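In the part that follows, the structures are each spelled out as structure tokens.
Next come two complexes, and both contain chain A; in the first it sits with chain B, in the second with chain C.
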Partner chain A sequence: MFSGLKDKVGEVLLPGDEFSLETEDTISLTERVKPEKVVCGPGLRRSGDRLLVCKSGVLRHKQPNMFWMDSQQRRYVPAKGETVIGIVTVKSGDVFKVDFGGSEQASLSYLAFEGATKRNRPNVQVGDLVFSQFVVANRDMEPELVCVDSSGRANGMGVFGAGGLLFTVSLGLARRLLSPHSEVLSDLQTLFPCELVVGMNGRLWVRSSSVQQTLVITNLLQSCDTMTAPQRQELFRRAAQGAL
Partner chain B sequence: MASDSVKLSKNLLRMKFMQRGLDAETKKQLEEDEKRIISDEHWYLDLPELKAKENLIVEEKSFGPCEELRYGRFSFKGFNPEVEKLMLLMNPRDETETRDEEDLSRMQTDVTDEEMALRYESLVESMKKKFAKKRERAAPKDDKEEEEDVNHNAVETTTKRKFLKPQD
Partner chain C sequence: MKDTPLSNCERDFLLKAIEEKKRLDGRQTYDYRKMKITFGTDFGCCFVDLGKTRVMAQVSGELVTPKENRPNEGIMFFNIELSPMASPAFEAGRQSELSVKLNRQLERCLRNSKCLDTESLCVVSGEKVWQIRVDVHMLNHDGNLMDAASIAAITALCHYRRPDVGIQGDDVTVYSPEERDPIPLSIYHMPISVSFSFFQQGTYLLVDPCEREERVMDGLLMIAMNKHREICSIQSSGGIMLLKEQVMRCSKIASVKVSEITELISKALENDKKARKAGGKCGFAESMPQERITALKMDETPVEMTDVTNRANDIVQKAEAPPQTVPSPLVPVPGVGQVGQGLHNTWGLEEEDEEEEDDEEEEENDNSCEEQEETKMEEEQHEKEESGGGDVVEISDSEEEEVVILHPEKPDNAPTNTGSSSYQRGAATSKKKQKK
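Here is the complex of A and B:
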């Protein structure tokens, strides 16, 4: 059923390419045909029985039936459940407005922090960094962030960012850093003791024991977006020796 | 029951508190009446029926479940032990791998051997005091040092004190 789609895995596709997912004409009589569900991730869109590509990139596949487009873009589009680094820009009454690098500012309720009640307001100032998660992210509505998980625990979310440095990288690099067995991270691990917060919106925050080391890590991460693996390893080795 | 007594009105019978006492027949009748009223009032569009097809395509907007992305906070070489704990908690998949590494890499914030020794030095002293007898505790420190053997156990050298009879 998805043979057409599976053939294209790993190839570059452009917006407008489409796949038909109708059941095949030849139905085997011996075994019952069980309809399989297909999950289309970001970059693919459903239109009736067809799948449309709406972002240019490389088609990826995960077992059993998950397909998505691996694209390089810099504009962040919020999606429910993603964690981002936001900057508090407005403090008005019971919501904070948070800039996360998208087309619109997200709202963050003052009750959406761990341990916050109507009496006990969280201490959030304009300009603070928050690591938070989207609960509402629609095309037509204002996105909404929270700093707690479903059980009300912070789990590392909330206000952070004393003594560190925030910078922006491409969304692709942010995802590469977050992917399991990330090579960039394992290279970085060998350098200095440091702390890193990665937002899916392409914002990174680094802190280490000295300003120099923080800046070194920042420059390394910003430059390794466009480098091949050997180039990057060479650069990291030089940084570890103290050449940079 | 209904025949001999005064007949109750239909609306009254339909009320909740009357339902208990009703017999099966009247209940059924009431239900039928109600159904007829509803079906009279019910109207529908004269359209060809839309066949709800089973949707085989599920849309997923986020990269998270696709690429099995990890939690976004990291700490390396023990820079922030709290975050390292969180990393283990939030990334259950690579828990087994990190556990092996943890044994090898010593955390920066660990207590060093020297610190440990320093801490125990004072602890040994205070524990010794606790087990010492009252008399030993009162004794001056310097002659106690001499009495101690290698194992820091106080050696009893003096014989038991006895009452000494005054002479003459």
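Here is the complex of A and C:
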């Protein structure tokens, strides 16, 4: 089965595609037979003795035995510890309700900001952007956000957003931007100086020196979602020459 | 589900950009987004793409009894569906304020402008008339649904063919498309709606607003016009005060846009007509995928093989080893060359078989080499044992050496050699099976 999965690494698979879990026909008598273990990430699902693909995308593999589907999903599912960009929708008593693009809204306590006390409330308005982290993200429970790390420091989180533009891309692109040594980011760095905030929920916030540059970056990032690396580099080169 | 709220920073940025005459997708103030008109396999099915906004219109006809006050006029019926597929903010099966507004506007744009000859839809006066129903489905919402819906509806009406009807005495027969060619509707003109959005109390004006622009706009003006520059309906919403000059300017812009869009529609209709005449796949059917199997698992069918394996074993046992011949060119007659005399003729076989045979030969060669290596290794091993006192050292130069069994307690060389070599062969064949 391991080889069956490995054959398809890098190929496009669709929901309903099935891997058979049959063992090899011949086993070596001398070598110790290890039970094959496969770790299935998002997009792969085991049901009984079948392994099914349940998300369309490209099959990825990480040594030694991790497999997952790299999909162009847009709907975000919260996970504990992930940082997202949220929009404050309601100010009610001691919690804010924050929209992060998931199926329901998350709650954010007013005490979960750096230096916030009962007396010293943070200045948060409805419609503000907050960069925050999930501390509770369970199924069938209201997710909970905080804007401090474990030591009580803001660490880059909190209210932000004046003068920039918020837009959404697919979750795959957001993850690609956040990965260390991201190619997209290094391509972007050659263009203009800009500030970029990337949330794991596919929301991006950009600010640069002028409206025109911010718009150019926004459109470039939105369009490079479905591009190959050479196409993207070609596009970025044209943008750098001022053709766009 | 609730819609994504608009953040303050987006609102501020959009208004700032509009002040600087910039738009989110790099358009100019009066530009429409890229428009694409495609048709489905059936008559009267039309898809309109306006940027990321996507709308489908389907026209259908039915014979009904007419209204009492208009006994010889056909009936037109419009229905707009805002499905959750278009936007998570739309709820299924409930009439929202937006859908009522769009429906009303579409009715005023198409029915009240009398663009369709309703009297031609009469079959028997007071008894049977055609009811033409236009269903408009929103497939994706990225702003300016009204323009996309009006274009889709009028194009679908132009594309629609109703079945021919024959009357003999009191009998009304509806002919199938095979018996008699279906008849197009008689359309006098094509009203098309053009939307203008106003910002900052009417200071700034944009044509074809996208979804985020629609959210920050102060007011909206929709002008439905045909290519003869006749205004079919005009509606202003949002409660802004517009000056007379502004409305005049909008109507001028609308007339230009309408003539462009009408040309696009007639071109699309003409292309579709040509494609249908040629008999090729057109419209939506064109995008049907090639027949390709994407399933990964193949079910194996059990086959009774015991007889065959027995027979094969018999043959293998009885068969003699092929004579060892040295492939060297023989020259029986001067001028005629021959290579590899004595081997089987492989001319008639397919390439795969030859390759397999080659593989086998190679493997055999490998095996013989390995055997030699093994003997060498074992010899080495013995030497080491004698010197190092029972230390087993694994030597791993090639992958095949991993499966070599070493029997240090047996000093006898010959039997182990044959045993290991036969095992070796078995392993090689099993490898081959895996490859297949």
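By definition in this document, the second predicted complex is superposed on the first by the 175 of 244 C-alpha atoms of A that agree within 3 Å, B and C clash if a C-alpha of one lies under 4 Å from a C-alpha of the other, contacts with A are read in each partner's own complex, and residues count from 1 in each chain.
Keep in mind that, in the parts below, a contact is a pair of C-beta atoms (placed from the backbone, for glycine too) under 8 Å apart; a residue touches a chain by one contact, two chains touch by 3 or more.
Since we're looking at a predicted model, the values are computed, not measured.
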(request) Classify the contacts of A:Ala79 with the two partner chains as first (chain B alone), second (chain C alone), both, or neither. (result) first
(request) May I ask you to decide whether A:Gly156 touches chain B, chain C, both, or neither, giving the answer as first, second, both or neither? (result) first
(message) For A:Phe113 in the superposed arrangement: first (chain B), second (chain C), both or neither?
(response) neither
(message) According to the stated criteria, A:Glu36 is in contact with first (chain B), second (chain C), both, or neither; which is it?
(response) first
(message) A:Val198 in the overlay: touching chain B, chain C, both, or neither? Say first, second, both or neither.
(response) first
(request) Identify the partner contact of A:Ser208: answer first if only chain B is touched, second if only chain C is, both if each is, neither if none is. (result) first
(request) Return first, second, both or neither, reflecting whether A:Gly4 touches chain B, chain C, both chains, or no partner chain. (result) second
(message) Which chain, chain B or chain C, ends up touching more residues of chain A in the combined arrangement?
(response) B
(request) Quick one: which bits of chain A touch chain B in the complex? Just the residue numbers, please. (result) 21, 35-42, 44-46, 51, 60, 62, 66, 68, 79-83, 131, 137, 155-156, 175, 178-182, 185, 188-189, 191-200, 207-209
(request) Within their complex, state which residues of chain B touch chain A. (result) 54, 56-80, 83, 86, 89-91, 93-94, 108
(request) Please name which positions on chain C make contact with chain A in the complex. (result) 1-2, 4-13, 16-17, 20, 22, 24-26, 294-297, 403, 405, 427, 430, 433-434
(request) Could you pull out which chain A residues touch chain C in their complex? (result) 4, 8, 13-14, 16-20, 24-26, 28, 30-31, 87, 89, 99, 101, 103, 125, 127-129, 161-166, 205, 211-212, 214-215, 218-219, 244
